[in-house]
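In structure tokens below, several structures.
Shared between the two complexes below is subunit A, which pairs with subunit B and subunit C, respectively.
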Partner chain A sequence: MPDSQPSGSFSTRPDAGGRRLRRVLLAVFALAVLLVLIAPLSTSDQADALGLPVLVDKSQIRILTTIAMFVVMATAWNLVGGLTGYGAFGNVAFFGLGAYACAVLVDPHKFHLPMLAGIALAPLVPIAFAVFVGLPLLRLRSHYFSIATLGTAVAVGEVVKNVEYLGGANGLFPPIVRRGDLLFLYLMVAAAAIAVGSVYLVLRSRFGYGLIAIRENEDAAAVLGVNTTLYKVAAFALAAGLTGLAGAVFAVWNSFINQELGFSLDFNIQMILMAVVGGAGTLFGPVLGAILLELLLQALAGQGTVAVYAQIGLGLLLAVTVIFVPRGLVDFFGGSSRLSLGYLRRTLRETSV
Partner chain B sequence: MALLSLAHVNKRFGGVSALTDVGFQVEQGEILGLIGPNGAGKTTLLNCISGVFPLDGGSIHFAGQRISGLPPHRIARLGIGRTFQVVKPFLSMTVRENAAVGALFGASNLQPRQAFQAADDVLELVGMAAKSGNPVGSLTIPDRKRLEVARALATKPRLLLLDEVMAGLNAVEVDEALDMVRTVHQSGVTIVLIEHVMKVVVGLCQRVVVLNFGQPLAAGTPEEVLRDERVIEAYLGEKYAARVRRAGG
Partner chain C sequence: MTLLVQQLVLGLLIGGVYVAVAIGFSLVWGVLNIVNLAHGGLVIIGAYLTWLLFSAFNVDPFLSIPIVAAALFVIGYVVQRLLINRVIRAPIFFTLLLTFGVNLVIINVLLLLFKSDFRSVTPSYSGSGLSLGGVQLPYIRVAGLAVALLLAGAVALFLARSRIGGAIQAVGADRDAAQLVGVDLRHVYALTFGIGAACAGVAGGLISTAQAITPSAGEPYTLQAFVVVILGGLGRVSATVVGGLLFGVVETLAQTMVPGLGAGWANAIAFAILVVVLAVRPRGLMGRPV
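Right after this comes the complex of A and B.
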């Protein structure tokens, strides 16, 4: 039956299962928002003052903030890796540049801007960087592009580490914001909303259709009139800006940034893993992946050697996902492609008498 | 004034001269056939016109504007659509979405809502409306070729370059495809087509240009060209040409 909608998302065609999943995701999202809204009444400080029971302690707020941060990064990666089909492997460079830019902007001895101004302006640095390196790098395809982006990210981290103005190996220390847990949770959730909202708009625009056409066949896209270079660089720059925004909030939240934190290879791999496990190319896949994997990582964290095995487990998880569920969990549980549960169920129903 | 005019077009790949001094014109509203033995440079020429390959010499003008040197997307925007001999569909999309991408870009350059309506119109024109919701992966080769034409047509081209859309089709499918090309032509599109199936060349083209070893060998009506000794020689060899000469003389 032809789709009666005049437009729609290309990569997920919801059948009954898809709509159910969408409802579940929306319910989860609504619950998360509710939690964020009631959180002020339930942290220890405020709860003590008002005599209320403590519902969310500070460490849980920290975990929520971290989840929101990875939602931003996985969603931003999805623009390049999922929609455009270019396997970027160095997006952490944008995170680091955003974090350092923000740290410099709010530093009392450097630019001394207000915190919010610093966060708002910081993404311009990774955006400029993405345009500068994107023009040559996006001429490469498949694994050549992946390796080049990884190399670029590592190189930028090493350069930053050796610049005296950026604190060298010691890093930078943005001023500590007292009792800022909730503020940073709100800021990170706002960044996540901006990221998911951007991808939502992209998926419905000519820009998004062009990106998917590039992923599916770049030569065909070009002769149909897609300005492939412009589109690829624009997607790369948008991903850079969003990832840099997460980095900027992280820098002031953490009130410390150095090369190992800003250009962490763990972050680099985790954001890709989250997007791929959740469902690259879909709107909610990276969100789902970020929530599930970050909760898993938090559950395993701080248990000595378990954390080391967790790293190995993540690598295995990536391999298993790419081989068996290449379109991610969102498609597996809610989609209608040949790799989904819905398809399996339908096929079983149709073939059994 | 000619819609498309090529002058002294040269293209080399390393030491191999793929096109040497190719020049001809395409008039508004005609169907021009581009024929020649394998390796003659037909597809290379299409790639040069659509901007996929840069030229090594000469110039190409479209509707009075020089297009040689422009990138493919600029040329598409000016109103030249093309298909690929080896079809290049967007596999994760449906038939309708494939056509809609054409309507979103190229000379039509529509917003998504209008583009999907334009896609429906084009699919109707090429006879694929019934399959518009199908995923491309489920299509047969003739249908994929149809879709290739639909997608190019959705860009609203003034000139359509068709690269062997009939190759690999059986007799019935060729007849269907012939009807499709005629319908497209009647909708006001000038067509240049590469073809090996002579039935198509004779049945469709008002004029034919023959390429051989990257050089224009002959040009004229299909009947003239197919009687031309040099063309017979190029296709079938010197001996056969001599036999035709004896039989004819």
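Right after this comes the complex of A and C.
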């Protein structure tokens, strides 16, 4: 099939509009930094101690932490799905493995490590797992790779659920950290900074060019001397480590982890959707997607019928994004294209039959 | 010994459902190059239609199969024509995302319409069966296997003998060449997806007689259809039949005969099979070379 190759639709080249993009993103980051800085004036006890009014409440800190968590996951997915062009569909396995690894490491009856040591060591488990399954899985292409990764995620979750040492269906309960809201916000933001920083470095390295070469034409890349297996597995493992880091922080933050939380298929699709909505293959696309989509999800969050409508909305958003703005929102902010009726018609025509 | 034979027979009978589920999935994948993540959702629409006809008008689930299939054909045709045709030339991953979105919408609309209560279709003969030398053969399951094999035969015959079937195969072999000789791609794509959806509807009807249904009960079937197609191989109806029956047998035997494994391991077993086949023989038992 002539079009089964992922085409160059995920452009990463900087162009005239790059400066506008940088300005917009600088504003976003300034806002994020500001929020993080004013966070200490937030929870009532800290504000009381300083004699200041409460600026942000605990639930807002929770939302910020969740956004940072998805920034990590969407950015990590982008390494494999966006840069390398391999549609990973099971990255939540790394999240769950990192979360479980951390929960076991800090458990007083198991390894009883300090929390920070647990968080730092936990990503090694998903990294090892990614290398182990990456070698056979990354030989597969297109659908086969996607569904095999999805299957792996589901299967790992099920195995974890059946292992007594990992708490079985009940899950694990890492010790509760009292008044830890801010600590976890900072930890998650640090993880997000590590993730974005990693992709920034990758994009400017020989490694990153190799990954993009694999995306554009794997056989040609191999002919040009790119060690495709090594590169693909390395990208997969890096994504696994970052996603596992988010999982590790999540486990101690939430002080509860079970199969449904750790291997949540909702998280699995949300991180991909965020990366694609924002702009797969770009540095800041997944960040933007994570912020916007998580805010949207929070606004729609609710119980019962509301949640059902929110899910329908998510499905429709997925369809509209894929059909009309397949290059993501960063494409407009970057100035490479202007959002107009003509643009929508063009993207539609490019991919229609 | 009787236990082993019983489990083998049960595996074959359960495999019949997998055959029915996988035929449409395999057709859509082979011709349109789409892995349809909404397939399970379509299956469950079929199951709910069967349940509606049964509970409201007391129509026998096996008699309602043609009605359900026709309804699902229309749904499938519209979904392909309006939505999926729009991304058919995009990177493959995008069709995965789109069909995932469609599935999300299907499940949640069903939730709004039917709530998450368990529904089941229980005609008078459900629960009874035939006993052959100590081996139990539930009527429902036997009829399900028969319908699945008939469906497979009908689809194979349609593809091989009819004019539209020829057009569908031509599109699957070479889209651009088919267009050059005058095949209307949009229409044939939509027809193919409609037929796939109709097959899913038939499978849903069978499933509604065999288990309780909820809006999300179709989820496992998408993944199982994938395993069946990988196991049998892409591009032939007979490969799907072999893959489905074999998968039913292997799954049943693994769950009942291997100590330490049980129903809780169904997905893990399926994906163990998947990964092994993909690693050892990516084109499946009888598929075209990849």
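Keep in mind that, in the parts below, the second predicted complex is superposed on the first by the 314 of 353 C-alpha atoms of A that agree within 3 Å, B and C clash if a C-alpha of one lies under 4 Å from a C-alpha of the other, contacts with A are read in each partner's own complex, and residues count from 1 in each chain.
Please note the rule applied: a contact is a pair of C-beta atoms (placed from the backbone, for glycine too) under 8 Å apart; a residue touches a chain by one contact, two chains touch by 3 or more.
From a predicted model like this one, the values you see are computed outputs, not experimental measurements.
Peer 1: Which one hits more subunit A residues, subunit B or subunit C?
Peer 2: C
Peer 1: Let me test your reading of the model: by the given contact rule, A:V159 touches which partner, first (subunit B), second (subunit C), both or neither?
Peer 2: Touch partner of A:V159: subunit C, not subunit B.
Peer 1: Given the touch rule stated above, what does A:V322 touch, subunit B (first), subunit C (second), both, or neither?
Peer 2: In the superposition, A:V322 contacts subunit C only.
Peer 1: Is A:R23 in contact with subunit B, with subunit C, with both, or with neither (first, second, both, neither)?
Peer 2: Neither partner.
Peer 1: Touch test for A:R345: subunit B only (first), subunit C only (second), both, or neither?
Peer 2: neither
Peer 1: Thinking of the overlay built on chain A, is A:H112 touched by subunit B (first), by subunit C (second), by both, or by neither?
Peer 2: neither
Peer 1: Find the residues of subunit A that appear in the contact set with subunit B and again in the contact set with subunit C.
Peer 2: Overlap of subunit B and subunit C footprints on subunit A: residues 1-3, 6-7.
Peer 1: Which residues of subunit A touch subunit C in the complex?
Peer 2: Those residues of subunit A that touch subunit C are 1-4, 6-7, 9, 81, 85, 87, 89, 136-137, 139-140, 142-144, 146-148, 150-152, 154-155, 158-159, 161-162, 269, 272-273, 276, 305, 308-309, 311-312, 314-319, 321-323, 326, 348, 350-353.
Peer 1: For a test of understanding, state which residues of subunit B touch subunit A in their complex under the given definition.
Peer 2: Answer in residue numbers: 50-52, 71-73, 75-77, 81-82, 84, 88-94, 96-97, 100-102, 104-107, 109, 111-113, 115-117, 132-133, 151-152, 155.
Peer 1: Of all residues in subunit A, which touch subunit B in the complex?
Peer 2: Against subunit B, subunit A makes touches at 1-3, 6-7, 10-11, 13, 204-206, 209-210, 212-213, 216-217, 219-229.
Peer 1: Mind listing the subunit C positions that touch subunit A in their complex?
Peer 2: Answer in residue numbers: 29, 33, 35, 83, 85-94, 96-98, 100-105, 107-109, 111-112, 175-176, 185-186, 189, 223, 226-227, 230, 264-265, 267-268, 270-272, 274-275, 278-279, 282.
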